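Letters are used for the chains, namely A, B and C, taken in the order the chains are written, and counting of residues starts over at 1 for each.
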């Protein structure tokens, strides 16, 4: 990043934090309702070192990432497999289409009561909510990527000797569909992370960043609430950057071809 | 000639379903001899591409038989690799990656495959560009890469569907020379469809002239000229005029057919 | 220029109107018959009659949630357990406990298929409780510790926002037990999805429960109203436990708590209604609760450092004593004997 970019970003953030700080001291003035950035940063530090009562952020981060991995990992496996099959075979597509379109609009949050009834208040239940949210972008993007492959690539591969279906899938279909698949994964990851917080907020698990937001609410600690919210935002950003980096490395061949 | 043809086609016919059904190829007999450079020309839309695709195994004939080295053609395969008009290089692989594609399927070790691939990359004159992606190359270079990829499979017959039509005139001329050089070095049997009579005469040992749709063999013209051929030599010009006349006949037939058909 | 003048006029009018508005009294309560005194006052319109103000009623599922609103300045008076206020008082909110609503009156209810024999039989179970800082949470954790059970590791305490969440969870089997105040244990038993394992008085005899909390701003600005309110509270408490009024009390409970007659008939259950905050035993109980909250790490100052409160910090008995003197006159005003 160029120095100019860094300077602009810093200026923008500084203005935002100053406004927030002023807002607190001039308007709100109630430590049980809001916390100023000066307090929140000290709180963040204390949360990391375990100096703030029963709160210990590193453990919560681990648990949230665990829920994320559980749900998102499953979503990648299922979404990719079903998307691949549906993209390749018309029958599979027609069979799965109504079910997918019926279930997809249901918000993951609405699944929480079912998840609790079926799986109890367990990590699996949290993973399930995340799975439901993340699987559809992955599935649909994979299907679209696969179904959009130009026939000519398959013909070229066949004439070069790749006549078996499995070989074609491995060597042509998947590489050709990879841009769509990776987009689906990145989008799915974003949804998954939001579901992590939602699932934990509803008490599906006793640990995690979302759960602690609710605990902080019960204890009347708005600074802890905001600190956890910031942590959630920053981790979400880190995950997104991570996937974008992978995308740009794997899809280096697109560098001169597409707009970005 | 007393040689056995490496490729033998008898009564090959292709009808596409529809209402009404379209007869693209209506009984073609053809012999292709090992090591020869055969060109196929015909009026636009006559079915020459369909014929080539049937030889490649990408299209199933409705009737007739096609044998390569005595074996019937059942589907696509590396013994009859096809080079397409728009190269169809895999964009996610480098030039080397593309050329390796067929070699990977043969079970060679990585080192062996790369060695083999580099031979063909050098042959087509792309040495130094093996690490480039297709979109970074010019049109001519892409076709050369497609050629290297096809040749690396060591096919019995190399089929080419208007490989130079998408290039500009200068590059095309240059590539015709390159194609001739490569053919002479590899001694591969090559069958090329083209709509340029001049190109067919420059490169081919024989030129097959097809009728208008549905395609049948109208005539097979022997080109007994020394290579490299002079496009302005009297004999060259004569042959060209002869073939063009045949094509004009076919085109006229098509137009009159259209005029006679009720609208 | 014209805009500025209009704005100034509007602002002035707004402030003038504020001064002449009748005083609003914002009162928080919970769906529990611990707060029966308030519901009696509300039903009979005594607040309007005697205090000459328009009360606004806000209902909360549990104490900690009520205290959020109180801390944000949205309530003047709150009927709430003794412990939830302690969290916000420790952080500097200015309020006082001015009267008692009740002592005891909660029960631990388990699902009918679960057998409760002793505290150890709760190991590994999922117990639903009001959020941290509530009476129920405080009593449960103290009692578990006394019996050698670690509330963090040996049992699974789930904090739900209130009875509206606890009843369905108990019915569906999501949780194994629920700890909540009267009338909810009776609702579960009569509904067939729970049986009472033990009552809170078995876990902590004579424990303080609900109180009347008042903001110091109300006490300072409108002391007369505050004292009269306490007087009404005393009268209503007496009314509630008078056997002659049982029928009326049942009617009021059915109306405001939305429970059926059979459940309402169980009043007062294990609940003791007694408004006196000067009682030595009660004050000791409050001290003990301060100590427990300190040990549990629930009372902390605004920085998060643990704070130990005491009854003398948070209880103001002066209003009660003044109110006692006014009781006979107000009873006459209300037409009671």
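One rule holds for everything that comes next: a contact is a pair of C-beta atoms (placed from the backbone, for glycine too) under 8 Å apart; a residue touches a chain by one contact, two chains touch by 3 or more.
It should be emphasised that the depicted structure is a prediction, and the values quoted were computed from it without experimental measurement.
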Chain-level touch network, classified as line, ring, star, complete or other: line
Chain of greatest Cα-centre distance to chain A: B
Centroid distance [mean C-alpha coordinates] between chain B and chain A, Å: 50
Rounded Å distance between chain A and chain C, as computed from the means of their C-alpha atoms: 41
Centroid spacing, where centroids are CA-atom means, of chain B and chain C in whole angstrom: 90
Chain A to chain C touching residues, read off their complex: 30-33, 43, 46, 51-54, 116-117, 120-121, 203, 206, 214-215, 217-221
Footprint of chain B on chain A - complex, ascending: 152-153, 155-163, 167, 171-172, 175-176, 178, 253-254, 256-257
Residue ranges of chain B in contact with chain A within the complex: 56-58, 75-78, 80-82, 84, 86, 88, 90-94, 101-102, 104-106, 133, 135-136, 149-150, 153
Contact set on chain C toward chain A in their complex: 64, 67-68, 71-73, 87-88, 91-93, 126, 131-133, 156, 158-160, 172, 174, 297-298, 300, 302, 304, 306
